[in-house]
Amino acid sequence: MTVTAEPQKAAPETKAKIGLSEGKRAERRLAWWLCAPAVIVMLAVTAWPIIYSIWLSLQRYDLRFPNDTEFVGLDNYIAVLSNGYWWTAFGVTMLITIVSVVIELVLGMTLALIMHRALVGRGLVRTVSLIPYGIVTVVAAFSWFYAWDQSSGYLTGMESAPLTSQWSSLFIIILAEVWKTTPFMALLLMAGLALVPEDLLKAASMDGASAWQRFTKVMVPVMKPAILVALLFRTLDAFRIFDNIFVLTKGQNDTSSVSMQAYNNLLKGLNLGIGSTMSVLIFIAVAIIAFLFIKVFGTAAPGSDTEGRR
Amino acid sequence: MGIAPFRGQPVTGRRRLFTALAAGLVAAPMVAACGTEQGNIITLYYADQEYVPGIVATCNEQAGDEYEIVHRVLPRDADGQREQMVRRLAAEDSDLDLLGLDVTWVPEFAEAGWLAEFTGSNKEAASEDVLEIPLETATWNDKLYAATMNTNVQLLWYDKTLTPTPPETWEEMLEMSQELKDEGKPYEILFTGAQYEGLVVAFNTLVNSAGGHILSEDGTKVEMDSGAMAALRMLQKVATSGLVSPSLSASQEQQIHEAFAAPDTKAAFQINWPYVWAVTPTLNEEKAENLAWAPLPGLDGHPGAATVGGFDIGVSAYSQKKDLAFKAALCLRSAEQQKYAAICAGVPPTLESLYSDETPIAPCKPEVSQDRLSMADAYPMKETILDELETASVRPLTPVYQNLSTITSKLLSPPSDINVNQTAGELREQLNEALQSQGVLP
Amino acid sequence: MAVATPTRTPVLSTPGGKKATWTLINIIVVVYALFPVAWIVSLSLKSSESLTDKNFFPVDPTFEHYETIFSKESSLFIRPLINSIGISLIATLIAVVLGTMAAYAIARLDFPGKRALIGFSLLVAMFPQISLVSPLFEMERVLGLFDTWPGLILPFVTFALPLAIYTLSAFFREIPWELEKAAKMDGATPGQAFRRVIAPLAAPGVFTTAILVFIFCWNDFLFSISLTSTEASRTVPAALAFFTGASQFESPTGPLSAAAVIITIPIIVFVLFFQRRIVAGLTSGAVKG
């Protein structure tokens, strides 16, 4: 990357003769101009669809019976929320989210400590652990699929097909999810580890604290903000799980996530009313999760001073 | 074709960056637009079946300048194919001219107003010589909405060294299998038991073989009569008999034919489509020599009755070139083309006369073999197929077939967990909801 | 840059034994990370006949599947590959340019609405993308964007923007802004200060963000399967669903694996050459005191 402009050479034409308030105003104007394009793009792509989804969720709207379209108020919400399939998918999604995030936290912390402390091959460890992060989810999912597939998989016998029963499928889905995202978790945690003052650890060590005590009493409290941000982002991500399930099981045998089910109702069932209702419910669930993290656990709102990303 | 303007050099500075950006934005739509918008192009949205390039080329040659069919490939799985087309048809997309339709989709597409009706001479040409049952799959509310491309029925495949005489009923098949098992010989009965359309086909076949019905004649009410109950009982019985593969609930067509042809196979019977005849020799020549076929076994004193599969071809209601599209459709399903597809790609034709046709065709793959094959060479089992087609049944004809199928395969899966009365009750209730388009898909 | 620069601690002693332990740990991590990758590579090198032999390594390595995807029906893989590269690059460029502008404002300028902007991008980042699929589809149909490059670039940019804005504003906070002040004292307007002073200093951060955004776009699956319908814009992850086996009922394991390997190559290249930057980018904004 070569951007060639000498930093020091500033243009001397305009003397700073403007008043403070006017300078402030110019700064605001500039800020708004700079932000406008990003905001416009994000608004254009998300705002209308959100409103449209909410509107659709209040209608009976099945593309195969376009003439029967009518306003039905909250009927779709009642239909979805009283349906066993929805709650199965919701339960499955929650299970995948909680189990995979917990495992990721433990493995991620271990990996972070390894990357932080490694005496040999630190670069190697960091490099290879970025591969799961970077690899296309669908590619990784296909790899797991073929590994457990009945005809080609080296992990299964000719007679067993783990991807066709609920619990073994969920295990594999969680495995794929954990494999892919643990390094990301580890990197976020590693950044937190870097904030733990070494002399504090040394002092604790001299006071006779065991390694475990040093970890729980010294490192974890300092790292708490980092841990919470990492958890928030991974939880929101895991809750929206789609690609892995799409490839591994297509949602069969009660392994559908809520996103998968919304997709099925929207694009397979062509039932825009029911499908949009699910979309809105997913959105609400995501908002509740974020709210809980920020208000209850006191996760620093990303963007204030502590940001993360998806 | 223009491709995005990146040649790997680093972007140096914002101006160049913006230039590249602008060029990219301009180039992108051009790329997208290439190759469409010509007056006589007919787009064919069809699965990537082996025979399609061949028949498209032949039709284009015969059409001269009149039209040119362009094959737009659809995904490999049926759900994906349907999703692709349905999404665009719902948006009244005029870029689709011809649609490759699985036989179960015709009522849905027709009811939604996405298919142009075959009338007059087109209707005549598309119905002449066509077997009755396949033609039924192209019909909805007594109107013809598609032309038949190929049909399909499953057969009972068995190893003639194990069972010289094939079973005629399911009960008999279970007995034979048990005897073979007791003798320590391969004994398993293989059929499609995974949670997908194949399980619905298996169940539908059982229902028809027992003379039952899942839906009423007009497809508006759930029937689940005594025949359907008998089918449910048999499915449960077979699945728990210990005579099926432990991976029944993972079995799709491929797993079945592979398991049957495996060197250490435990299978004695498989219920599968006619392609088994062509694929088995490539996997296991010895097994292929002992491979034999029979009509599907019967149930409850009724003769076996297959479920009809196959493809139809429809003209989109939003096509801007319907006249040409109808012509192209009729060409793609002509006797010559169906014969080619049947012999070179193993899909049974829908035209009755082809089953007695004896003239060989030009070599399928001249670069591999110069053999000129006839119907009899490729289809030694053609009589059985023809017989089955006489009694075969169509899967429930209804616009919400997709929902019915999803729910049916869900409730029947895994087959070993079926509790006859409870499952039947759930089927009645949920199929009924689906028929009212109120149900939630799993 | 807020790279975590770990300091080696004397907590661990006896170098010899520790070294062996660390080597073992390293091996475990490497196996963990490469296991699925190695398997898909192995599958792609197996001949059609040996695909179902269930060995981890191919007994008779062959490039037949690579030949298949690059020769025969080229539109099935080559076209999507071009689309994937082109669309991801353009989306990355746009997202980084727009993100840089917004991140600069967030990091440096004082203006009302900053918190709202941050909150809004967080909202977009959490957005369940599935909710967008059908309205976006209808919207793009009306605008003629369905199944075009811009039709995919638009949602890619949208969902990459929060990522770009967060990462970039974190980088920008680390830049020595005294230089900007100096420039302003010399009479430069805020705009000129941005262009001449800050942009060059920000370049490494921008580049890092570009890599992260590219990986993000490259990864997309949901939009590619819902907003495309022909090879005009279909990207590779979506195209994998179009691969076909020898017959209707057989699975295309070999060619699919080969295609999967090809689209993994850029990721491996990025990781090998820019490991430090990616780590810095991922950790920079995440945690600060």
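Lettered A, B and C in written order, each chain numbered from 1.
As a convention for this text, contacts are C-beta pairs under 8 Å (C-beta built on N, C-alpha and C of every residue); 3 or more make two chains touch, one makes a residue touch a chain.
Computed from a prediction, not measured in an experiment: that's the story for all the values here.
Both chain B and chain C are touched by A. If you compare A-B with A-C, the chain pair joined by more contacting C-beta pairs is A-C. For the pair chain B and chain C, the distance between mean C-alpha positions equals 38 Å.
Centroids built from CA atoms put chain B at 38 Å from chain A.
Per-chain Cα centroids separate chain A from chain C by 14 Å. The set of chain C residues that touch two or more partner chains comprises 52, 138, 195, 199, 226, 251.
For chain A, residues that reach two or more other chains under the stated contact definition are 1-5, 151, 267. In chain B, the residues that reach two or more other chains under the touch definition are 11, 87, 254, 258. Every residue of chain A that touches chain B in the complex is listed here, in rising order: 1-5, 62-66, 68, 79-80, 83, 85-86, 88-89, 150-151, 158-161, 163-165, 250-254, 256, 261, 264-265, 267-271, 274. Within the complex formed with chain C, the residues of chain B that make contact are 3-4, 6, 11, 14, 17-18, 20-21, 24-25, 28-29, 31-34, 47-50, 72-77, 80, 84, 87-88, 91, 93, 252-254, 257-258, 273, 275, 278-279, 346. For chain B in complex with chain A, the residues that touch the partner chain are 10-13, 79, 82-83, 86-87, 90, 108, 111-113, 194-196, 245-247, 249-250, 254-255, 258-259, 262, 399-400, 402-403, 406, 410, 413-414, 437-438, 440-442.
Those residues of chain C whose C-beta lies close enough to touch chain B in the complex are 52, 73, 75-76, 82, 85-87, 89-90, 93-94, 97, 137-138, 141, 146-150, 153, 195, 199, 226, 229-233, 241-252. By the touch rule above, chain A contacts chain C in their complex via residues 1-16, 24, 26-28, 30-32, 34-35, 37-39, 41-42, 44-46, 48-50, 52-53, 56, 111, 114-140, 142-144, 146-147, 151-154, 179, 183-184, 187-188, 190-195, 198, 201-202, 205, 225-226, 229-230, 236, 240, 242-243, 246, 259, 262-263, 266-267, 272, 275-276, 279-280, 282-283, 286-287, 290, 301-310.
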